[in-house]
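To keep things clear, I will list the structure first and then write my remarks on it.
We just call them A, B, C and D in the order they show up, numbering each chain from 1.
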């Protein structure tokens, strides 16, 4: 479109990683500028600085669990960013080598997450190889197929991940804005900080969801870096910020928690059917109750 | 005031009963028309018909418990009435006799509630007397001092109630209207009907109050007259319909109960200090949470 | 049986009342001595004194609710008695008159509970009659058919109760003993006293039942006679004292309540099917958990 | 002791790591055989095989969070091991180089956890260095002081960790046995698997602790590797397996969870004062309740 600057996305590089693959699945990114960044902190920084409109970073992996650095930056005290989309990407590793490699590789480059997901295979097949964190000097690499192709490498072994069904969940981050409109099948993400001198605080947090029939799909505790034993909790629930019951639960959390940070409401992509609210807790039930209260208050 | 019809109050008669005493304590009743009615159903009926503006009836007694007929009429399917005031009246009985009574009384008139509250004394002192329900033909009566004086009776024995500190709670009923304005030390009364095929329903009801830090001061189960084992619950909580946390709890009850009937919000008269909301659950905390949610929803 | 003294039952008299009818339904009472007592306190007293083996008294009525004097004596500080059976009796009133009554009765004898249950009919048909508490001098009586026949009275009007389906629940009381053996369809009755300076205490009580999947069939609050706003709670739950889950819940109540009084475990008589424990909360599940814990503690 | 084979401990090697430091703090290990193993799976394997009596492995770090491989092996389907001790070790990194290093290091060896904890310092000071996973060929290493000294390396920079107060929690694992005796200040560790088709299951789990006044000191969700959105929970609570309230809570969890694995009860080492049970929930209260129930059941 003439005169309209194109959208600029960054992703956790280098090119050819799963993050680039995941970004390509987003329609909005297909005609946009897509650039790699060196690490997750840089991804947050360029969006905060306005040098990019959005960043795609990994949030969790079905094998390794949460990506600590992403969680810490989402929960940290710098300018908050918001999750506007998620991408679930099956991740499958291959071992790729330089074209001129004639012997078994002595060094294998491997992102720590790749290492974690191919631990068994590596121990069984290349226990003697040195594992290095950067690929530039390595003779072989554990990586995604696209990366192997992109770098014109030779496939030495395919499907070397310890679990064939590994999935990584990426999230697209922007500066705070009005959330994606409600689709009827949405996830809302939060991080709550609990004052641990209040007994049963987590029980109270879960009760705020339970009394309103809201389903929690993910609960991830995370040390707050103050000391062992002090946690914040990353929570995903079904529903959208604009839902009456989600809004009411958020207000409840705001009151009982030290801090609640709304991380975003966005469409679910796990292909599970929408979770219907339980009987008596639909949007219509909330609207009916609000109208009834209004009538009582005005003496009707 | 010329042209303005005076307010008309009825009370559970006959004149001289504790209900008349209780009504006299209300400033609004001091210059109004005050008339007795024969029983509680009549009190409800004349207010419903518009023949009186308000009715004062007993709700519960510290010795005998709830007044069943009042509860049933409050919970019944006829046009609902609303509680707009409460009066707590110490009740102390005397035995009064006709001026010409020269011997021990053979018949003692006694409202069933009076009988209940003087049971021990009667058994010890007048086990042989016939207890009758209407005073017109009786030779002596268990009644309040004012009634004795009003009928120019002779005091035969004073303080004959089994408990010296008995208190009856009366409520003033009107047709539904805007509740008495919030005073900061109010009671809200409800009756809730629970569908008993939902396990744990009462637990859910109490949780709606507990998560919002609302104090329940009275819980009275009552058979719904369908069959033994089916109950509705009369609940009194501290706070006013206009309080954010009371309003939110009511909306919650509306959603989970078969029926919720708001019986009224009115000033407390028990001379206990106001119950402050717990930390983090004040009106200001509710307002802050609502403002925060609004800001999130508009992308602020 | 020679040498064995017969069992002696007392019931709330006089003869011909519903209590006698109810007692006759108990097989154990058919060949036993059955004697009326004047009132509920006397029924408690004679059992406590050992002058009777058991007493049948009314506990609640589907129309009038709980029988306050029975509840107070069950919860009182005198020697506790135990509920060993319940009887549910449909109660239907007739108006019976003296054989020589030729005109409309001027006085109608009526137990206060009878009065409560025939209120509408009396108001419509005999508003002018004097209602008296003892039948000896009355010209007519509201009573059960057996009472009318027993006293050779003439039926003036039948089925005069305001509700045709009224039921009274009687309980058989004995001195404390090993409860009736478990039948698989039992009720356990308790009274708990709650320290009201502990917020949410009733919620805690209900939670003790809920976490173990125990169904509460009756919850009856009752002022403790200290002052308005202080209650004890009469609770009936499904299950037997010997059930693991009932026992564990009772121990939980014992810890959190000011006082818990076990009133009895006895067979249900309401003809409802037995309530099965929810999935994972059967006796076998409790036994499995106990065996597992024992194994852990011994390092197995 | 002649004839008694010495205890054999293994720890996560190589020698000089924080795990060796941590093991040296255990009195029982001071005169025992201490041998490094290559990785956490090997540590589990040698104990399971009986080739070592115990293994010391890292469980969590105050900066990086849980050590995924340890959690997965604790929760996995192979023969379970038991936690018998914990060691909290402050971890501080230095950068150490070969004695002959004359220039800035081109390769820096760094365990992934060391990398995670020195991320900021590395980016600021050695962004150009290649980070490798094995130290044998590296010119410099991020490691503990003892490791630097052990390998006779030169200190290039001290206190390079991003957080000066980082602490790692190690646990000592043995084959299942009777737990360490109760000290009065103990931790009990569990892993529970929740059937996610049961709504509110985590709320039920937390309630089992809350109703018994048991304090949870750690809650760590972990994907079960089946798929994203399915979790098990690692729970630490205060108290010992032999405590009545802990035992009862465990039985409750056993009933409501798909699986509960007891990981161990062992002395706390965080120097916090013992957590006293709340009022009414002491061992004496549990014993009193059990005695009371026993008395009821035998008709006492």
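Convention: contacts are C-beta pairs under 8 Å (C-beta built on N, C-alpha and C of every residue); 3 or more make two chains touch, one makes a residue touch a chain.
These numbers come from a predicted model, not from an experiment.
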**Request:** Considering only mean CA positions as chain centres, point out the chain farthest from subunit B.
**Result:** D
**Asked** C-D or A-D: which has the larger count of contacting C-beta pairs?
**Response** A-D
**Asked** When the centre of a chain is set as the mean of its C-alpha atoms, what distance in Å lies between subunit A and subunit C?
**Response** 60
**Between subunit D and subunit A, distance of the C-alpha-averaged centres to the nearest whole Å** = 26
**Asked** Can you give the whole-Å distance between the Cα centres of subunit C and subunit D?
**Response** 56
**Message:** Give the residues of subunit C touching no fewer than two other chains, as numbers and ranges.
**Reply:** 207
**Prompt:** So what shape is it, when you link every pair of chains that touch: line, ring, star, complete or other?
**Reply:** ring
**Residues of subunit A defined as touching subunit D within the complex** = 60, 62-66, 68-69, 88, 110, 112, 115-116, 119, 130-134, 136-137, 163, 165, 167, 169, 199-200, 202-203, 206-207, 210, 215-223, 225, 227-229, 231, 270
**Complete:** In the complex, the residues of subunit B that touch subunit A are 176-179, 204, 207-208, 211, 241-242, 247-248, 250-252, 254-256, 262, 280-281, 285-286, 288-290, 292-293, 296-300
